[in-house]
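You will see chain A twice below: alongside chain B first, and alongside chain C after that.
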Partner chain A sequence: MSSITYLESQKDEYRILDQWLKAREYVYVGKDVKRIDALDKVTGRARYVEDFLVEGLTYARIVKSDIPHGVIEWIRPGRAVEHPDFIALVTCEDIPGLNQVGYYIPDQPALAEKKVRFHGEPVALIVSSKPDSLEELRNLVEVEIKPLKAVYDPLEALKDKVLVHEEHGSNIVLRTKVKKGDVSKALENTDYVVENVYKTGYQEHAYLEPEGALAIPMDGGMTIILPAQYPHLAQSIIARVLGYPQSKIRIIQPVIGGGFGGKDDMGPIIGAQAAIAAYKVRRPVLLVYTREDSFTSHCKRDPAYIRYKSGANRDGKLTFVDVEIIFDAGAYANRGPFTLWRATAHATGPYEVPNVDVRGILVYTNKVYQGSFRGFGNPQVQFAAERQMDELADKIGIDPLEFRLKNILRIGSRISTDQVLEDSVGVGEALVRVAEKCGWFEKRKKYGKIVDGKARGIGLACAWHGISTSRGVPDWCNAYINVSKDGSVSIYTGIVEIGQGTHTGLIQIAAEALGIPVEKINLIGGTTDAPDTGATHGSRGLSFGGVAILLAASKIREKVQKVASRIFECKPEDVEIRDGWVFEKIKPEKRISWEEAVKRCYAEGEELSATGYFFMPKGKFDEEKGQGFAYIVFSYMVSAVEVEVDLETGLTRILKVWPAICAGKIVNPKLAVTQIHGATVQGIGYTLMEEVVIEDGKIVNTNYTDYLIPTISDIPEIDEPIFVEDYFKFGPMGAKGLAEMALIPIPAAITNAIKHAVGVKPSEIPYTPEKLYRDLLRRMRE
Partner chain B sequence: MKIRIIVNGVERELEVEPNELLINVLREKLRLTGTKYGCGIGECGACTVHVNGEPVLSCLTLAVEVDGKEITTIEGLGKDGELDPIQEAFIEEGAVQCGYCTPGFIMTAKALLNEKINPTREEIIDYIKGNLCRCTGYVNIVKAIQKAAEKISQRKSK
Partner chain C sequence: MIPEIEYHRFSRLEDALRFLSENPDSKIIAGGTDLLVQLRARKINVKKLVDIYNIGELRYISEDSGEVKIGALTTIEELKNSKIVEKYVQPLHIASRSFATWQVRNIATIGGNLCNASPAADTAPPLIVAGARLRLKSIRRERIVPIEEFFRGPGQTILNPDEVLVEVNIPKHSGQWFFNFMKLGRRVSHILSIVNVAVAVKLDGGRIEDVKIALGSVAPTPIRAKSVEEYLKNREATLENIEKSSLEVVKDIKPISDVRASAEYRIEMSKVMVKRCLREALKL
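Presenting the complex of A and B:
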């Protein structure tokens, strides 16, 4: 259906990637190399944004709206001006450029202008000479807002009685569509049909380091030390707000205390706010959100309302999937158009479905806005799809694992958008291996019985996740590598280290391609000093950032091979570089050191720097028809979960999780395992504990005491993950994305296990003990 | 107000405000930025330091309260350029991701292992449950503390 466009100008790049893919045996890739940043982090030497105590530093805090929807009458410093520490009050009137930080739709101000649209929206910044007086100062600022009627429920907002953005004319931001075959015809010829509504709530990132930015006016522009996930995006947005050319904005990443997508969205926004203040006071400004500010005012995982109807025949084959997805955008569109599209494309789950009709609606409400969060729109819809699979299996009367295996995607399958999967589909194997390891059939028989007021259950769920941007949205990566005269190597990449360990993996890839030990390589990442590498999101940092580094390093390798071939009097391709030695493959004893080879290159006019630009091949998606190319490749995940439910308290205890991941070549297994641990536990929090409580538009639980994230006492045993290495042709050595994956199947895996244990049919997360208890009572009454 | 404290073995005399928090004195005045602000209200443990050997949340402690006392921060761990066994174990077991909670975890674990050389898994979990981490899922943090305990008892028996 959809054909992929390959660029003639990138033929060399395709060749290099193919060579490394076929090598299959690697010296550094696939090994447990220690994190390069661990030593600084255990000694307290790692410098986060708050730790740059520069000369002349001032401190800022946001002043927030305490009204969810209203017209700003005035904002005055009030008695704050009398305070000895007061430096300035900054409002939208101080913005030299455009007051616009919207991502895809230009609907979001850096500081509220004329109107406020959610409780907690930043309306101004207070700047102080001391951090200790910030709270006192912001309480002195006078903000007068005339309240308007507000709308909080997305279904209510669809009626357009209250408009969040009048100029838009409707609360519907946009609609999405994926369509294949004929659902209504399929419905007539289907043996079993299940229809349910699924609901999911906001999820707070709750990274331990709240948002921050340090803006320093210097060199005729602005340097911002910024925990962001895409330095070049932050650069372009901050340039727009300041009215500067992009080249005058320099972004440097400090060590970052967790991101999970949240700092992808918030980096440019808080960076712009700090830059506006620094522009006004002409001094460095450190703006940090307090923990409470982070809860009230930063984006969160989109709440979803999903109507899901699907059917299968007696033979266990899916016949159709019919879904309506409503995503609550909150006050601004932010990433909603893309999270919703991702949800729409992934709504079938990783299955072959001949007839598909998925409709998405993104709707504004007067609440905090949604944003990127590990899984990016997909966990919501995989929860619905995978709960639905268990309900359908139940109705047909077959085992949920067998039902999945009958429909699972394989190489050559057509996905919901009718794109054909050409390679790298390991999910079927992952399912079989997880089931074997967790004792699936035995436990399905044995569990589900109440013993002493408790019942055990086992459930599983799959997930699939498109890598890189969707549809034909351009995606590229790049890196710059320079070899110094002493043979040490500097890599410049825009890929950001947010704790996931990507910089270590990237160095491993460079070491492999150059044939030198990792210790000789230094990586400068997350900065606009590097070429635009795209964002560190969508599980693309290591896979796509790694492609650029692999290409640049390979180009340098070829130059060294050329010079060395003259020494050894052989063909360049017969020169091997390994462990810091350069030699002819058939005569390894006659070798020179890497440093010697580098000296020769410098002496003989061979330039030892290179860039590694790569433009990801893409196809076309027809928005009108809802068909075509969706993603260049998918990663897959399967998790099985064993639970114990206490029928008296409604409490679910997760006993064990068995994860399996299909992410192509695993560059660093130890780091991969840590990502799976973290994502699994975040998924457990999302499924059972984490609830953002909103009353009259106001978030009432704005701290870790009232918003519960998993603690060390909530974690289950997590089995050694299964890696199904389904190599991807455009990944470095075949690697695909990994870091988001383990979260995505968890909500359905847990709730399917709960259903197996006690027979309730969870349709809403967080599935708190209260909800489970309510469903148990309801079931007993039936 | 004037206070005299010993920080990581060095005696300091400092002028502080009556409402000034220990975390801010350590970070701003002494530039010991390894101690982290995570919540400001004692919920997350990222600001944990030792006062006279006891783990204390520096975001809830006034600077004047520690007058005359001995304080150890993450920068004060390890001797003669060598890492503390807990720091080593956190690196080896992959217990570090973003690293923001790491100093707090290490300081809490240090206090535990000072009290008890060979804690059980349950004792580790019970002692450390006030420290939050959002990256690691805690799995390797438990392993690291267990490994550190082994290292310490091995060194003691030598």
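Presenting the complex of A and C:
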């Protein structure tokens, strides 16, 4: 159906990637190389944004709206001007360029202008000479806002009685569509049909380090030390706001205390806010969100309302899937158009479904806006899809694992958008192996009985996740590598280290391609000093960032091979470079050092620097028909979960998790395990306890006393992950994305296990003890 | 950010008491694990802080033939590690083990936990069922009050502005007493209680001779479950009686709905926790 466009200009790159893919045996890739930042972090030497002391530093804080929807009458410094530490009050009127930080739809101001649209929206910045007086100064600022009627419920917002953005004319931001076959015809000929409504809530990123930015006016432009996930995106947005050329904005990443997608969105926004203040006061400005500011004013995972209807025949084959997805964007569209599209394309789950009709609606409300968060629109819809699979299996009277295996995607399958999967589909194998490891059939028989007020259950869920941008949206990566005269190597990449360990993995790939030890390589990442590498999101940091580094390093390797071939009097391709030694493959005893080879290159006119630009091949998606190319490749995940439910209290204890991941080549197994652990735990929190409580538009639990995330005592044993290495031809050594994966199946895996234990049918997360308790009562009454 | 405050630190009780008598607009700070959070959130407004944490004479656990004495500045971690508390004040010992986090236990004090008067305070129900009395001292006088008379409402006690809680006295129990403490939260640990409960049961053979039950987080103050106690007194210690008695707890509690739980859920969980706490205490 969809054909992928390959570029003639990238033929060399395809060749290099193919060579490394076929090598299959590696010296550094696939090994547990120690994180390069480990020592600095455990010894406290790592420098976060607040650790950079620059001369003349001033401090800023956001001034927020305490009205969820209203018209700004005025903003005045009030008695703050009398305070000795007061430097400035910065409002939208101080913005030299465009007051616009919207991502795809230009609907979001850096500082509120004329109107406020959510409780906690930044309306101004207060700048002080001392950090200690910020709170006092902030309270002295006078903000007068005339309240308007507000709308919080997305279903209510669809009626357009209150408009969040009048100029848009409707609260519906946009609609998405994926369509295949004929759902209504399929419905007539289907044996079993299940229909349910699923709801998911906001999720807070809860990173240890809240948002921050240090903007320094210098060199006729602005340098911003910024915890962001895409330095070049921050650069372009900040340039727009300041009215500067992009080249005058320089972004440098400090050590970052967690991102999870939140800093992908917030980096440019807080960077722009800090830059506006620095522009006005002509001094460096450090803007940090307090924990409460972070809770009230930074984007969160989009709440979803999903109507899901699907059917299967007696033989256990899915016949159709009919879904309506409503995503609550909050006050601004931000990444909503993309999270919703991802949800729409993934709504079937990783199954072959002949008839598909998925319709998405993104809707504005007067609440904090949605944003990127590990899984990016997909956890919501996989929860619905995978809960639905268990309900359907129940109705047919078939084991949920067997039901999945009958429908699971394989090579050659046609996905929801009718794209054909050409390679790299390991999910079927993952399912079988997880089931074997967790003792699936035995436990399905044994559990589900109440013993002393408690019952155990086991459940599983799959997830699929498209890697790279969707449809024909361009995606590229790049890197710059330079070999110094002494043979040491510098790599410049835009990929950001946000705690995931990617920089270590990237160095492993470079070490592999160059044939030198990792210690000889220095990586400068997360900066606009590197070529535009794209974002560190969508599980693309190591896979795409790695492709660019692999290409650049391979080009240098070929130069060294050429020079060495003259020494050894052999063909360049017969020269091997390994562990810092250069030799002819068949005569390893006659060798020269890497340093010597580098010296020769410098002496003989061979350039030892290179870039590694790669443009990901894409196909076309027909938005009208809702069909076509969706993603170049998918990663897959299967998790089985064993739970024990306390029927008297509704408390769920997770006893064990068995993860399996299909992410192609695993570059660093230890780092992969840490990502699977972290994502699983974040998924447990999302499923059982994390709840943003909003009353009259105001978030009331802006602290970790009442916004609960799992602690170490809530974390179960997580079994050694199963790696199904389903190689991807455009990944470095076949690697695909990994970091988001383990979160995505968890909500359904847990709730399916709860269903198995006690028979309730969870349709809403967070599925708190109180909700489970209520469902149990209802079930008993029935 | 904490607003500017006058800060006074004392290492002798007498000096602190004198200052308090002359400065009734002061607020006492001990471990500060509750107070600093409240100050930062501007939930309370304070001009002067009196830091008593360094008054070493208020940090001790001792016993004589009749009672255990715990200095008000004894930390929760010290309670947890105390053999005396483990032996003679079992419910308090159990509560100290699940109290907040290690970091908080290391600095939070028993006096602070009581004077903060949170309805959810985990040390209160154990001390109520253990029959604790509190020694309150000012520069002019000293008084001893039963702990049940100490709490007035959320954040409110009978302490006068010039008074300091200096000691907790717990009588040693003779006879066949069984104690227990349990809490229910929304996750396994590091959590504020949705409901917590302590029990003390005296058996005479299989018959319940005496019983005290106290709950937290289900009324404006920690409270006794007197209806449950009445039901159980002089009845046989059987599972059936315990189950029936636990239903009586609805007469004793007045929970509210908040961000942690609804009132309805708290009511149901009070029954469950009373039952479980008694069952476990009596190993039924």
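Please note the rule applied: the second predicted complex is superposed on the first by the 782 of 782 C-alpha atoms of A that agree within 3 Å, B and C clash if a C-alpha of one lies under 4 Å from a C-alpha of the other, contacts with A are read in each partner's own complex, and residues count from 1 in each chain.
Keep in mind that, in the parts below, contacts are C-beta pairs under 8 Å (C-beta built on N, C-alpha and C of every residue); 3 or more make two chains touch, one makes a residue touch a chain.
No experiment lies behind these values; they were computed from the predicted model shown.
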item	value
Touching partner for A:689 - first (chain B), second (chain C), both, neither	second
Contacts of A:218 with chain B and chain C, given as first, second, both or neither	neither
Contacts of A:700 with chain B and chain C, given as first, second, both or neither	second
Chain B versus chain C as contact partner of A:586, first or second or both or neither	neither
Touching partner for A:258 - first (chain B), second (chain C), both, neither	first
Most chain A residues touched (candidates chain B, chain C)	B
First (chain B), second (chain C), both or neither touched by A:648	second
Which superposed partner A:718 touches (first chain B, second chain C, both, neither)	first
Partner chain(s) touched by A:81 [first = chain B, second = chain C, both, neither]	neither
Chain B versus chain C as contact partner of A:498, first or second or both or neither	first
Contact residues common to both interfaces of chain A (with chain B and with chain C)	132, 705, 710-711, 713
For the chain A and chain B complex, residues of the former touching the latter	34-35, 37-48, 50-51, 53, 131-132, 205-210, 255-260, 288, 290-291, 498-501, 670-671, 673-674, 677-682, 703-705, 709-713, 715, 718
For the chain C and chain A complex, residues of the former touching the latter	1, 3, 37, 184, 186-192, 259-262, 265, 268-269, 272, 276
Complex interface listing, chain A residues touching chain C	132, 134-136, 648-649, 651, 653, 688-689, 693, 700-701, 705-706, 708, 710-711, 713-714, 768-770, 773
Contacting residues of chain B [partner chain A, same complex]	17, 19-21, 24, 27-28, 31-41, 43-44, 46, 73-75, 77-78, 83, 87, 90-92, 94, 96-103, 106, 125-126, 128-129, 131-142
